[in-house]
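Okay, got some structures for you below.
In the two complexes that follow, chain A is the common piece, with chain B as its partner first and chain C second.
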Partner chain A sequence: MTTRTAPSRICNVTGFIINRDGQQLALAHVVSGVVLLALGGLMAILIALQRQGLPISDDWWYRLLASHGATMLLFWLLLFEVGALYWGSTMLLNARMRAPRVAWANFGMMILGILMAQWAMLSGNATVMFTAYPPLTAHPVYYAGILLFAVGVLLAVVLFFANVVGAKRDATYEGSVPLVVYGLVAAAVIAVYALGTGAVAYGLLFLQSIGVIETVDPATYRLFFWGIGHGAQQVNLAAMVAVWYALIGLTVGGRPVNEGLSRFAFLLLIAFIHLGAVHHVLVDPGLGTSHRIMNTSYMLYLAVLASLIHAFSIPAGIEAAQRERHGARGMFGWLVRAPWREPGFSSLVLSVVYFGFIAGVTGVLMGTMQLNMLIHNTLFVVGHFHATVVSGTTLAFMGISYYLLPLLSQRKLVAPRMAQLQPYVFAGGVALLTLAMLQAGRLGVPRRVADLEYSDAPLGVTVFQSGPTPTVMLLVSVGALIAVVGGIMFVWVMVATLLTGERSERPDQGLGFAIGAPARERQEVLREMAAATRTKPTTDTTVDARGLKGRWQRFEAPGTYLLVLIFLAWFVVMYVVAHFNLAQAWPVG
Partner chain B sequence: MSSDPEDPTPWQQRVLDNLWLLLAVSIVVPSVLYLGWGLWELAELPTWGQ
Partner chain C sequence: MSDARSPEDERELNTLTPPEKVWWKRLGPDERRWLTIAFVWCLILFTGMYVWMGIGDQQTPIESYRIDPDDFAAETTAFIEEHQVDEMEGVPVVAPPPGSNVYLQASQFQFRPVLQLEEGETYRLLVSSTDVQHGLSFQPVNLNFQVLPGYLYVIEITPDRPGEYPMICNEFCGLGHHVMTGMVIVAEAGAEGNAP
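Then we have the complex of A and B:
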């Protein structure tokens, strides 16, 4: 059996060796993900405008909501992440893509799975929502489609592992893998458990839907389902942090102030982040108090510690780079002189700030049992996860796409001014959307309910038609509308670049690649690596995203230190406010 | 992990670099603390499995 090896090229922008199989596979997955993002965005605006009187029947509203959830939470993000896995394990490691034909067949299987699930949802055969809790039942094609997609992602993870292990064996890099790849390793490792539990959950429902088994125990299903329902979002989290580290390298030439600590934080995520799944079943009657409290109030905080480490490391990396490379002075001169017109940088900062201040804090609040019981199944939960996966993960992925797509397609970015504006429009819309959803949740507005008046019930509900609720729900719709405009701008730039962008060996024009300047230095490193004997592996762990070596001789990050203290104060205030709300709901004494 | 006694790589770094160890940790910890413990508690319910 012969091994087909695709030709490689050296990227004139980054100096990386680009394996064409890896390049094409990464591009196909990223572009497919963007197409699904556009589809999910279209559904989002229809769902939001129904609240303001757009004539959409309840039946269609549930179809759209089911498809929107699966499209955004599973298909778009996981397809993009598989693209990132192939990109990281080939281009960042100077390695070839293992089993490219298997990878292409796998890609086809994932797309088939998506089409099957979409047919079932949009035809009204699977209005079971993202959670698909039994005894709700969908058409077998829905479960089979989800299973095909999940198996495809798992196989992609296996191919990623093969690339990483193969690269180590072929000595295409020395020492540890770059931190960005390490973050992708964390995402892949986290994905294995998530996909395994998902296979059990959806597999049981599939067997029930074709009559092989009679019933599925709802409590058991929920326990397994949240292994993937929550776990898939932790794959997003690890991949997003990896993208954050890539973006500080790409946009300001920064790197983490202590790479070993950042790697340790990834280990904490790997070990403990899955335990956060318990906060989805905190109100389930079957689980004991010890199980809930041990996992959400003790173990999960070890994963929160990991997020806090990254929350310091990312801005500190930016600040240190701004001071060292660009001579920034004063407490916040590094922010004032930052490249705010660079879409990758603005996406990075907005994503980090919003993820930390809103998504992270509300997530920890919901991990507290008493608070969870107060807001469970309200729009507060929806506000939280839109803050995580939309303003956090999606915005970060959009940010890096502005660099990945030109590099992968070798086309210059089209409409760079629109790209500069897009992160602000999108983040502004999502901020309004999520804050309004959180407030709606505090007012008790239920999630996944098409008709807030409960018109068909014997006793209608009028509480949501008066007071502040209509205004808050209007803000939800306006926020969604602005966010969708931002999404359209992103998709426009991506599609236009892919279809009409000028072909170029230097597709970085119009973008401020901070790594453009040292690309020659990078190639020097590559030549040295190729020439050197590999009998003496390096002990230097600070091989950054560019493959450049070297520790910070010194770094200063007083601005970051102050920002972290402000974040801590915000955390405390939010906790106090949340418990005040709790005391209002259930007065003591 | 390398078993080469002359390998100067710190053990902490070798632990962090061990893909299979990371994979094992990510599967074992939630399987025991979340799934196993949860299933054990559900199995104690008189109506479980009926």
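Then we have the complex of A and C:
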């Protein structure tokens, strides 16, 4: 064992060695992220109600929209991810936090950056939206704030790598890093690229805003900006997949059927995912056809292949674990008998299903060069990224918070019943919100427009006042409000747990997590089950497939195989329908 | 209090703990099959864009040039003077001949001029901005393009149905973003009074 500078404890639930510095830092980042999530949620209420007639001035609506975007897309998600990076690189590796004082100073810098940017946006000095496209200009404090935050995240990534390398050198674990840490490494690598291009983009604008350089070329800026604008979402994607794998382990004690394949998929993500950022500039002047196609396809869609691998590995991991433990009952018995009352498990499944069926498929549609003409800057785009970062990433992060916060703060979860219900309310609201937004986008509704009746426009536009559009926009608002209710439930449980939760050495009690029994006791149960199945002449690659006939018995995860085929069929149908829609438009070229 | 974990415990939390020494194993039959299907689908998605370039009528415009915003504004003004036929809410209406170059200027917070076109004819729209970035969105056909100052984007359109088609700005361009509109009027083929 190595000597440790900070006092550590051993977690009574998981058996991990918990480094105090890592614990406090992870907690601070996650909690401040949750506070910003709450703030962004409050803004969402006002943004949604304005659509239904709440008298908010156009100026304020745009300010709220700008702040909502930055608060959710940058501050909430990246703060949570930094927390997850510290957690993964210390606790999961039984290692200590490197340079904790630097990490705390860095945390302070990020918070300062957030405060500066929020002041600029809410005071009306930076109504340029998240994208901040030049020549629109904002107060220098806005760019400086975003830069401080981005540099802070970059420094946190450096500390993460220092932790991982240090843990290897100190031999705090044997062999390869755990799969979850491997996924976090992928997220961190992508973050370096994203934050680097972001620093260039915002750095140029900052220099322009204080008069050092005269102009920033709008097309060049767009290429750099989308390096972070979409790059940050790829960080979210990789971090979310890592959290999915963590949740499989935590909720059903599962692991991927073939861990090597999952790791290979993370490598594909690192290599190719950032190319996809080009789908934001598919209908821009200035780029050639080959450039557009090679980039928007993530180089032959190899990053999509990575997602399709995870789309198989995640449910297959659940299926294998469930069959091992409960035996198999036909094709989907493992799913029926799953722990649906576990907020971690329900969050995991809802997040995976929604991310695959809606977020992933719509992402590929908008990234198809010609289809993008029907989608660019409509509410379809907004629907897509709410499906990815809200019902995908945010829901997954909420799911793992039900473990992280009690275990890190050593307090019992307050209001476990509300926690059980929360993922369903949140996912239901977001499902309504995003499906309605996608449909509104197909009807042509533009994004970031304060008044869809165009009442002050000299040349009036009435297309959005008749037909299905008003109803669809009402559903957008209703979905947003339901999602916010789900969000409030989450924040309530988290805050109440932190402030009033009963201090406990065994904070997992109260919710029937898969790690609900101490690791050691549960180990016995599992060992017995494994022994029971081993009496049958099964090999590694076949399942205990009672109730399944013929060739299905040879599959590792027959239920999952069927599910992914259904998913693929849905994908194909959506792709064909989108091209059918495209063929109805004016000939253009 | 429990002490450090035994090797058996190591495998307990699965994805959260280091894997077995050799974590690569042969792919199972369903994994192999899914990987093949998925990769084939990826290749179909990739070639799909090239296939549509061969069979589709709706293609992403590629032709573009750099242009000084002031020059563009001057050329647009000259174009309007040459082809103006009417005025609509203070915005000039032009009726350019089919097949010709048609200037369309986006600026805070107006698209100008109003275009009067003929059904089934092809026009080369020369689109740019004189100030900030804008979005050009034809409704309800829902065709959307980005407009950048300093760049001239050539968009060939063939409106194939008569009617009034509003243009709206769908890139945030300032506090008047929601009043920025324009209009395309598509007359039936062969209709009187459309020729210059």
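Operating definition for what follows: the second predicted complex is superposed on the first by the 539 of 589 C-alpha atoms of A that agree within 3 Å, B and C clash if a C-alpha of one lies under 4 Å from a C-alpha of the other, contacts with A are read in each partner's own complex, and residues count from 1 in each chain.
Simple rule for what comes next: contacts are C-beta pairs under 8 Å (C-beta built on N, C-alpha and C of every residue); 3 or more make two chains touch, one makes a residue touch a chain.
Being a predicted model, the structure only gives us computed values, none of them experimental.
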{"item": "A:V461 touches, of chain B and chain C: first, second, both or neither?", "value": "second"}
{"item": "First (chain B), second (chain C), both or neither touched by A:G479", "value": "neither"}
{"item": "Contacts of A:R263 with chain B and chain C, given as first, second, both or neither", "value": "both"}
{"item": "Comparing the two partners chain B and chain C, which touches a greater set of residues in chain A", "value": "C"}
{"item": "Which superposed partner A:M369 touches (first chain B, second chain C, both, neither)", "value": "second"}
{"item": "Which superposed partner A:G40 touches (first chain B, second chain C, both, neither)", "value": "neither"}
{"item": "Which of chain B and chain C A:A186 touches, first, second, both or neither", "value": "first"}
{"item": "Partner chain(s) touched by A:P140 [first = chain B, second = chain C, both, neither]", "value": "neither"}
{"item": "Partner chain in contact with A:L275 - chain B first, chain C second, else both or neither", "value": "first"}
{"item": "Partner chain in contact with A:A583 - chain B first, chain C second, else both or neither", "value": "second"}
{"item": "Chain B and chain C footprints on chain A, overlapping residues", "value": "175-177, 217, 219, 260, 263, 281, 286-288, 541"}
{"item": "Parts of chain C lying in touch with chain A, wherever the complex brings them together", "value": "1-5, 8-10, 12-21, 23-31, 33-35, 37-39, 41-43, 45-46, 48-50, 52-53, 56-62, 64-65, 88-91, 110, 114, 122, 131-133, 135, 137-146, 148-153, 155-160, 166, 168-175, 177-183"}
{"item": "Residues of chain B defined as touching chain A within the complex", "value": "7-10, 12-13, 16-17, 19, 22-23, 25-27, 29-31, 33-35, 37-39, 41-42, 45, 48-49"}
{"item": "Sites on chain A touched by chain C in the complex", "value": "10, 12, 14-15, 17, 58-59, 62, 92, 127-129, 131, 133-136, 173-180, 217-219, 222, 245-246, 248-250, 253-261, 263, 281-289, 292-293, 297, 300-302, 304-305, 308-309, 312, 316-317, 364, 368-370, 372-378, 442-444, 446-452, 454, 456-461, 463, 515, 518-520, 522-523, 526-527, 540-541, 554-558, 560-561, 564-565, 568, 571-572, 575, 579, 582-583, 585-589"}
{"item": "Residues on chain A engaged by chain B in the complex (per definition of touch)", "value": "161, 164-165, 175-177, 182, 185-186, 189-190, 192-193, 196-197, 217, 219-220, 223-224, 227, 260, 263-264, 267, 270-272, 274-275, 277-278, 281, 286-288, 291, 294-295, 299, 537, 539, 541"}
